Amino acid sequence: MKKVEDFKWVEGMSARELVDKISRIGFQGAEIGKAIQTIKNMKDANSKIYLTFTSNMVTSGLRGLFAQTIQKGMANVVITTVGGIEEDLMKSYGEEFLLGSFNADDVQLKKDGLNRVGNVLIKNESYQKFENIIKEQLETLYAKKKEWTPSEMFKEIGLTLKDEDSILYQAAKNNVPIFCPAITDGAFGFHLYLFQQEHSGFKIDVVKEFENVLLSTDQNEKKGLISLGGGVSKHHAILSCLLNGGMDFVVYLTTARAYSGSLSGATTQEAKSWGKIKGDGDAAMVIGDVSIIFPLIMSQVFEGI
Amino acid sequence: MKKVEDFKWVEGMSARELVDKISRIGFQGAEIGKAIQTIKNMKDANSKIYLTFTSNMVTSGLRGLFAQTIQKGMANVVITTVGGIEEDLMKSYGEEFLLGSFNADDVQLKKDGLNRVGNVLIKNESYQKFENIIKEQLETLYAKKKEWTPSEMFKEIGLTLKDEDSILYQAAKNNVPIFCPAITDGAFGFHLYLFQQEHSGFKIDVVKEFENVLLSTDQNEKKGLISLGGGVSKHHAILSCLLNGGMDFVVYLTTARAYSGSLSGATTQEAKSWGKIKGDGDAAMVIGDVSIIFPLIMSQVFEGI
Amino acid sequence: MKKVEDFKWVEGMSARELVDKISRIGFQGAEIGKAIQTIKNMKDANSKIYLTFTSNMVTSGLRGLFAQTIQKGMANVVITTVGGIEEDLMKSYGEEFLLGSFNADDVQLKKDGLNRVGNVLIKNESYQKFENIIKEQLETLYAKKKEWTPSEMFKEIGLTLKDEDSILYQAAKNNVPIFCPAITDGAFGFHLYLFQQEHSGFKIDVVKEFENVLLSTDQNEKKGLISLGGGVSKHHAILSCLLNGGMDFVVYLTTARAYSGSLSGATTQEAKSWGKIKGDGDAAMVIGDVSIIFPLIMSQVFEGI
Amino acid sequence: MKKVEDFKWVEGMSARELVDKISRIGFQGAEIGKAIQTIKNMKDANSKIYLTFTSNMVTSGLRGLFAQTIQKGMANVVITTVGGIEEDLMKSYGEEFLLGSFNADDVQLKKDGLNRVGNVLIKNESYQKFENIIKEQLETLYAKKKEWTPSEMFKEIGLTLKDEDSILYQAAKNNVPIFCPAITDGAFGFHLYLFQQEHSGFKIDVVKEFENVLLSTDQNEKKGLISLGGGVSKHHAILSCLLNGGMDFVVYLTTARAYSGSLSGATTQEAKSWGKIKGDGDAAMVIGDVSIIFPLIMSQVFEGI
């Protein structure tokens, strides 16, 4: 068994040294070490890697890191909610979000046209910009064909972006499908609806999309999951893998707890009862805010590849 | 300002007295009191009431209470994830779930054909039963028409159930639409896909469903939200109300925290910056497991109507 | 294995029925059921019962219930922090706390002479009242002898109170020792210091108190712990029992989590590695705010005795 | 207002760059940035800095970093619980802790003589070693005088250690008092008791210690608090500062929540109602496991001094 090593700061140390030292101390520090190793193992085993995240993580500024993770081949399938798609588009068209405070005066923010997500602020203009973007993009799509699955749409849109920091762009360029099981749950859905009103035969086929989800891997392939936060994104990745024989490698990062029975807080132990994780699967779970933990983990993973 | 009253047990007291006493003490006890009052206020104002919950709450045994809430006119629109729909169906066809332990041996459970959700266990047979149910139901639906929105489907299915404790049945009977923004995220989705493979032209139109969501209320109507847990269900209800001018009454029950910027943990304060809650809206937030808190709240609400 | 039972509200039901129904549903509902049974078991086995709580629970209004728990013989040793002692005294002398809001304007409260604890407010006058009380009580004690252990002091003070709802009074009257391992951590400590400055030889002997803690039980006695929240109170009770062979029955109610390695969030599983709980000990853990959960549990326990 | 900057990994980057990038993204990343700045501000203002932590953080391997923080003049008063003192002593005498798992088999660990704290394991031998250490140290102390305050004791013991990574040693060497409001709450307390039994007149005067706590700062001095976790340590530091006019700079790192009214989870806002923080005080709060967050923060602080 490894020994706990007392953490000592060293002047001018590298990021690699810092994270390595953190992974040698107890509690979540050591769990970060296990998560790094599990991700390295899934890559070494040539696994199909599923990356799932919630929209707020795109809001937070992890967008660049998600794009980089895809670009470096560390995510082969992406599953997320539609808010993150919307914000990736806004940012690709030049919108910027602001750092505010968790204790802001929300009535004043409303007057100032600022929408708060934790300590991040999004301007009303950014949503107006999104409206223009999506209308134009949908016209282009419709001109090609009338029925789409969400992942097809995202690929077409992604190819137009030319932004190295964009999730949609890097996914499109690297043939990584983006699945979004609740495609209408956001401003995107509202604009799809308005567009359908005026464009006969425009359809989004989510049932057909399930085929793409299902065939994104197979029984023989090694499968790994990096799940950031919970919700339908986490659930959908697990479902896809479960229907294909279960996962070989799992890393869960979350703030949610197991005690109320939510999937968001479900442990990697629980996953074994379902066969979600194979009996001898390699699993790690780190509890904490992904905005801190995922950069620590991926910095170490990227240094090693 | 009200005074804190020391809680004292009284022999043989009623549920009403118990909850009333709890609502007079500090911390979440008092917040339960505020939630009860806010729900009463939304009803008294003749609001359109949105009830959202996550699938695990159906697993837990709150299914009967959700059915009762609909039946008593305290929920006019329901938004949830598809796992809860699946389990409502299983239970309507006689399946039963078991109480286990959070510390179960999950490898053994797998061998025993039991799938763990917190301390609740679901048998493999229940999923097999579901497969039979859904195949038959889809055949019936397809015989009527080829294209459906999810809420239309749920209504048709619900009407066949004749189970007073069923969410689908009570919703169908009482003209309460059930929206499910991630209709394919579960075994349901898998069976929709298999069915589509063999039945040409079978389509689920989620974009058309958005119209139903949007028109489930309007600018002039008073709007109330009872949101249990987070995820896309909470988000979708807020979206519908926001597009219709914002909510007048809001009750959030959740275990999630605000610090990681998730919508699941977002506060009612934050909602004001977006105009999700009108400036002078009436809002309450209780932190804790819904399996305990929602029965306490609704017992008190039902006693008063 | 028990089956999950769908919760249904019944008009006019008793508190006993309500809690019984909650204990038949999954997640924390079922854990409440286990906690009730474990407390009944510890009583039936004629155990020495340790009750620990944090000061904020006295603030909240659970004071009356703690007094009642002692009075009914369901707590034989009490361990807490000194803030709770201070507030029990204030309330016994007529002070009242107010219900405010978690989102209060704290700068304004400061101006208004109100000190916030969550959504409970304590007036500055209450602390001034405490100053008078404690000075007078210490004079009386000093007149009897110069050296005291904390539990001796609390007993003497308790006997003067004549308030049925007082923890100190019920403990004194029923020969239940109150231990307070951090006796100086509060206004009480400040006044002890001021008093010592002016009264030569006045001493509080916390080392001698350890003997009382240690001898509050023995190896042969069955031992049960009802631990509400964490901190030194929980730790001290476990220490006392561990030195006497470990606990037979344990109920932990807490909001804390295990992931950061704190004792406050430590599970009953972890306790087994230390021998804190005997290998075959009976243990339950409920996650949530004690201001809701403890009344539910004790109402059911009291109905049964 | 600052803009959110997308995080991008850069090959070979320094720890300083990594943490700087994290502090430019939303949610707890940005709060880490505020905490770093607040600590720099308290140092620049020449404040008396209080550092508080819970015992489990010493267990985790932050001991070396705490010693370093003292040695670099970034902590002028230390407040903690006695378990951390015990473990600092064990480690100074060569004991080592092991990294295990949160999901360990605790009954097996018990058989193996291993005591679990989260995912850290402490051998029974380490406690036996502690027994020998403390007996010898107490003999030496008693030979000098019979009555001690805890902080005097810790200083005498610390001076004997000659271990650069020891909290007790660095505190003693740098004239930093260590306060421990619950001195008997641990194995230390048990040995104090045994020693008192055999050594007449041996006394620990915690009331006299309060004078040292109170006089550790004064009204005119600028005061800063770095509070890691909660409990009596956090409370005692706040008490000391409050009695001296309130704090000018505050950094809270915690996993606890505000909703149950505990001081451990109390916000810096709440502190203002009490005057704990001066109206215009500089405050930051980061939610998460200190084993990760404190190294990130202090690495950045140390690089800058």
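Read from first to last, the chains carry the letters A, B, C and D; within each, the first residue is number 1.
By definition in this document, a residue touches a chain if its C-beta (ideal position, glycine included) is under 8 Å from a C-beta of that chain, and two chains touch if they have at least 3 such contacts.
For clarity, every value in this text was computed on a predicted model and none was experimentally measured.
**Q** What's the overlap between the neighbours of subunit A and those of subunit B?
**A** Of all the chains present, those in contact with both subunit A and subunit B are C, D.
**Q** Copies subunit A, subunit D: same or different interface, half of numbers shared as the threshold?
**A** Result for this pair: same.
**Q** Per the centroid of Cα atoms for each chain, what is the distance between subunit B and subunit D, given in Å?
**A** About 44 Å, centre to centre.
**Q** For subunit A versus subunit D, what separation do you get between their C-alpha means, in angstrom?
**A** Centre separation, subunit A to subunit D: 36 Å.
**Q** Could you tell me the distance, in whole angstrom, between the mean C-alpha positions of subunit C and subunit D?
**A** For subunit C versus subunit D, the centre distance works out to 25 Å.
**Q** Where does subunit C touch two or more other chains at once, residue-wise?
**A** Those would be 26-28, 56, 59-60, 102, 117-120, 257, 259-261, 269, 287, 289, 291.
**Q** Which bits of subunit A are touching subunit D when the two form their complex?
**A** 1-9, 11-19, 21-22, 24-32, 56, 59-65, 68, 91, 96-100, 102-103, 117-121, 165, 269, 287-289, 291-293, 295-296, 298-299, 302-303
**Q** Please name which positions on subunit A make contact with subunit C in the complex.
**A** Residues of subunit A touching subunit C: 26-28, 257, 259-261, 287.
**Q** Once bound in the complex, which stretches of subunit D touch subunit C?
**A** Spelled out, the residues of subunit D in touch with subunit C are 54-56, 59-60, 81, 83, 102, 104, 106-107, 109-110, 114-120, 181-186, 189-190, 192-193, 196, 202-211, 213-214, 229-232, 235-236, 239, 243, 255-266, 269-275, 279, 289-291.
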